[in-house]
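These notes open a run of structures that come right after.
Next come two complexes, and both contain chain A; in the first it sits with chain B, in the second with chain C.
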Partner chain A sequence: MRKNVPLFFSPAIILVLLFVVYPILQTLYLSFLSSSGQFVGLNNYSEILSRKAILDLEGFPKGPPLGALIHNAIWILIHLPLSMFSGLALAIVLRDVKGSSIIKSIVFLGMVTPLIVGGIILQYTFTERFGIITAFFDILGVEELSTTWTARANTALFALIFGSVWLWTGFSMIIYSAGLATIPKEYYEAAKIDGTGPLKMFRRITFPLLRPLHIVVITMTILYDLKIFDIVFVATFGGPGNASKVLAFEMWLQAFRFLNFNGAAVIATLLTLLTLVVTIPMIKYTVSR
Partner chain B sequence: MATNMEYAISVLVIIAIITSATSVWYVSTVVGDVGRLIDSVADLADETAQLATSVGDVATSVANLATATAQDLTSITSNLTAIAGDLTAIADRVTEVEGTLSPTITVVGPWSGAEMDAFLPILERFETLSGINVKYRVLRAEDLATLLPAQFAAETAPGDVIFMWAWWIGDQAQNGHVLEVTDLIDAADFLPGTFDQVNVTGEVYGGAYTGKVKPGFWYRKSFFAAHGLTPTTVNSTWADFADLLADIAAVQGVVDPIVSGDGVGWPLSDITEHFLTTFGGAQLQYDLIAGTADWTTDPVRSIFEDDLVPTLGNFSLPLTWDSTAINSWWQGDYGLYFMGSWITGMVDNATDLGIITLPGASALVLPADYFFIPAYTENADEAKELFSFLISEEAQRLQTAQGGHIATNINVPDSSYPAIDLMVVQFIQDYAIVPDLDDTIGGEFQTTFWAQLQALWDDPTKLDDVLAEIEAVAP
Partner chain C sequence: MKIDKTTIVLHIVAWFFAVVWILPFLGVFMAAIRPFSEILRGWWIVDPFDLRATFNPSINSFIEAWTDPVYPLSRGLLNSFIVTIPSTIIPLFVAALAGYGFARFSFRIKTYLFTTIVLMMALPQQSVVVPLFQIMVRFRLVDNYLSLVLVHSAWGLPWIILFMRNFFSTLPIEVEEAAKVDGASDFKIFYKIVLPMSLPALASVVVLQFMWVWNDFFLAKVFIYEESMLLATQRVEFVGRELFRVNWGVLSAASIIVMIVPIVIFVLLQKYYVRGMIGWTIKG
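Then we have the complex of A and B:
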């Protein structure tokens, strides 16, 4: 029986080799070639990384555009904690609420909305005279934020990030809701008898016991942030200027607008490396458990 | 006196009589039984005979059935043989007919909905004239840009005639993916410079269908009349134009004098080109396309600094979609809207439209819809036939009659245009026609040009950065 194990695995292994490993290796190989197919070492890497669209250090401290690499980092820095903690807060608040499944379904709608559609919705949300966010700031008298966010270099990226929080919060809420259901109620009852307050219970019981789920939420959110493309494509097309460009969008531009497939392969390789940095610790953690 | 003997004889007689009677009775009974037995035997014999008859019938039936089945099988077999023969004949006939019929060719174009409805009659006319079947498939240039490189790498194509950006056709021609069509074109029949964008080292690789001119700022005659506004003309002064913008801004309910369409940024490039050709002339457009003019030095820089940037305060920020901009402008939220001539098909009442060019304008942009034949078509001859038809006077006359199109073939008579398009055609008579700047250069320049103009609209103080970014990717 044991000698048949490789045989059973072989169909899956062949598919993975053909459709995952081979394209990755081919992309890596392409990133070292010129458009005429000659080996150019790291030239493509230095050319791509020196582009302002990828890294624009002159943008500091003025603000966007700062380059797609920095924009992705900003995206993670803002989007990750916001979506993670809002999802956790919603999961806790709605845990014992009657009919909470309806509210959760509504929150989860953002998660099942196609990102292209989500991009269109958020574009309208942040458009002057048409959007609810701009109308809100108009009422408050904040003129700078009552104009079209996606048409302004200083606000375009943040409009996309805040919009993606709405689209992604449903994911963390559902994960945490499932996690909360696994924590025995006796822990809370014992803590209550000891006179522990709700905040301390959260700090000492809820948050630590959800640790495996934090890993899942953080990893998945970072991966989502790294591969973000659709809403940028629809809502701003990376503009104004380069103010809302991200790596995946720049990769698409290089390949299908500039017909620079070697440059696109460089960005794809960088994205793969960044993804590995995130996923390897998660896999290690999962295996160790 | 009777003796004992006599008694004995009497008893014997009586016994004999009784015995005889009994025997007679018994014999008669037996005879009866025998008679009945004989009857039964006779009945049995009858039944046996009937059974034998039935068995005979059954045997006859079976024999008949066997005969019939054998006959049927023979018949079926012969029928099947006949059918097989017929099918073979039909297949042979189909092959024979296929050999005499032209194949179906596929046209890939960007038009759907009403625009497609206006294009299909031209393809139907070609089918009638040529006997070649044409299938139309909708794919926008943006989608083709993603799809075609992989298809070309696999030496295949989604169509036999494909509408695409001119710069892209030129680029792919250099890689051997496009059929050369120089011999199919007589440039004298077309507007000057029509094929420049698809001309690669002296050989033409694409065709120019009809185009859409970008004549200037559109306004609603009824809006201007209602608010006592007087449209400027090409002969007006710059001060007149500035006054008009101020008057529009003063109209109650107007958000900005001029609306900017589409968040992606391409309408901004059309506005910018109008400023460049107005203040720099047609030659500047050609110089910028050729890369002999610099974006960061005069005259380009001064046109931006002295003319465009001071006007930007009258423009709205780019709105989300063209439809949003058009609706807002049509409702009177804005006074002017810079757009191509296709706008005549996008408003409720095209006769209410008027055009304002910048004072002093001498050239207008007229981008055509370009198409090409991929090198991997299996129907090159038929595709070339369609190619020739699409650039012909007849095809363009039919298309312009549908509205919203301007012919690139100069043999198309004015009488073929609907009234509103004829107004546009007559309007552009006094101007030099130049190719679209970003459509001609394409690639990284086009995307950067759009994005940087968005940045300029957002913050005009970034002019130097914007021009430097554009210059960095210019030819």
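Then we have the complex of A and C:
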């Protein structure tokens, strides 16, 4: 080993050990302790998972509240395809559109806006009389969707999810735009000579060649959905009732509202495990190159 | 350019997206510049013959948010700068060192170390805040910006290390080898030769890390409670919230004040931002 190796790595390693590695292990440890510090095995886990705020299967036929765990899953199921495909569609369309750099900047605005502000804007947009979406449904005569979305149990979660699509689509658009620029034009020219239509070109050339980027976009989007906190906090505070709670929010609530550090540690550990599982495909790809 | 049907459709689709995407921003902007009485039926209604919907733009809401008696945004912006600047510079240098180490040195546990660092990019901050809060309480660092700066610095490291390592790997190694033949130490090579060659990459790191720290709400919420110390993002939770209603004018003005900083940086340094975003996630 060269003598200078420690000099280059030690500041980073010290910071990471103190503020990332140690507290994660401590969180894991706390999740097995009772509030008085006794080892209780998996008791906290069964206690937390049996809470309605985390898992509420009775709500299933009706809709939210279904518990934070299910809400995060619904979030991924709606948000991932919507933001991924609108980003990809935009990236493809904008190659041949005049003023594309302006459109890109507009769509990307959501990515640079603080999420807490994004939450306020989406709340405003979904507020009765004030917001443009509720007004739109009012004109259409859909009474149920013309009242404040964030104040009703069966719409609050969806207002947040659609808001997050609006905020996050810029990410996949930018990534796919960069990826599209790397596909050689000759592929398309050759396909054209063979008489291939645009849809087939997309299925046979564009989509498969973007495969590494799909991994990136899918992974980062799921991570974003698992960590979602700010917009929930500011737009609905998890409500009404439990109707828009998510794991990251419920973790904060347990820790810093109810001072239930052990319960919060359980939720944090579950969240950590989920993010690690999601990241494995991307790690393989990142480290291997 | 030959105008055909496809071109027209593409333009309509693209600009439709753009209009839909900008409407919410336009909404808060209008809410911020119009008197509250004008936006009660919607910010888009402008009718010169209706007293409730005439268009009288003013900056009153901005002044109210900026000088709020309890949560002035002026103080919030200052506080955010105080936290964000060191939280950008510290990880920049610490991670550049480590990133260089990963790009140029070889040692036994390098792959494991690198995989661990990359894995850390995925972790949620929720996974550390309970123990960190307890530590900060013990060391009396709650309501002290040092806690935020340290945690932000540590959490910025993984992505900056990855980004800088990818960048350093693309630099020609010959210059560094020539310097080594002349007897320069690794550290001297790093800061005399490598860092100056890396200014564009460092600029990308500054832009992205600055924005993430500025936009952070969660860590600030965990570590800062004292009213006068609240950061800009924490203040929009309180400004414009009246007892029985939300004063959307003041709240919108506050929101714009908080987001204007990252937006200005993005507009001015877009090239570095996009490069950082792409270099960190997809390219070597």
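What to note about this one:
Please note the rule applied: the second predicted complex is superposed on the first by the 274 of 289 C-alpha atoms of A that agree within 3 Å, B and C clash if a C-alpha of one lies under 4 Å from a C-alpha of the other, contacts with A are read in each partner's own complex, and residues count from 1 in each chain.
The definition used in the following text is that a contact is a pair of C-beta atoms (placed from the backbone, for glycine too) under 8 Å apart; a residue touches a chain by one contact, two chains touch by 3 or more.
Here the structure is a predicted model, which is why all the values come from computation and not from measurement.
With both complexes brought onto chain A, simultaneous placement of chain B and chain C is prevented by a clash. Residue contacts after overlaying the shared chain place A:Thr147 against chain B, while chain C stays out of touching range.
Applying the stated contact rule after C-alpha superposition, one finds that A:Ala178 touches chain C and leaves chain B untouched.
In the superposition on chain A, A:Ala191 makes contact with neither chain B nor chain C. By the document's definition of touching, of the two partners only chain B reaches A:Ala243; chain C does not. In the superposition on chain A, A:Phe256 makes contact with both chain B and chain C. Partner contacting the larger number of chain A residues, of chain B and chain C: C. Look at A:Ala135: by the touch rule set out above, it reaches chain C but stays clear of chain B.
In the superposition on chain A, contact of A:Tyr124 is made with both chain B and chain C.
By the touch criterion defined above, A:Ala235 reaches chain B but does not reach chain C.
In the superposition on chain A, the residues of chain A contacting both chain B and chain C are 124, 127, 129-130, 255-256, 261. On the side of chain B, the complex with chain A involves touching residues 145-146, 149, 171, 255, 263-265, 317-320, 324, 443-444, 446-447, 450-452, 454-455, 457-459, 462, 466, 469. Of all residues in chain C, only 7, 10-11, 13-15, 17-18, 21-25, 27-28, 31, 39-44, 91, 94-95, 97-98, 100-101, 105, 107-108, 111, 113-115, 117-135, 150-151, 153-155, 157-158, 161-162, 185-187, 190, 211, 214-215, 217-218, 221-222, 233, 236-237, 248, 251-252, 255, 258-259, 262-263, 265-267, 270, 273-274, 277-278, 281-284 touch chain A in the complex they form. Across the complex, chain A meets chain B through its residues 52, 123-124, 127-130, 147-148, 150-153, 235-243, 253, 255-261. Interface residues of chain A, counted against chain C in their complex, comprise 1-2, 4-5, 7-9, 11-13, 15-16, 18-20, 22-24, 26-27, 30, 86, 89-90, 93-94, 96-100, 102-103, 105-110, 112-117, 120-122, 124-125, 127, 129-132, 135, 166, 169, 171, 174-175, 178-179, 212-213, 216, 219-220, 223, 226-227, 229-230, 233-234, 247-248, 251-252, 255-256, 261, 264-265, 267-269, 271-272, 275-276, 278-279, 282-283, 286-287, 289.
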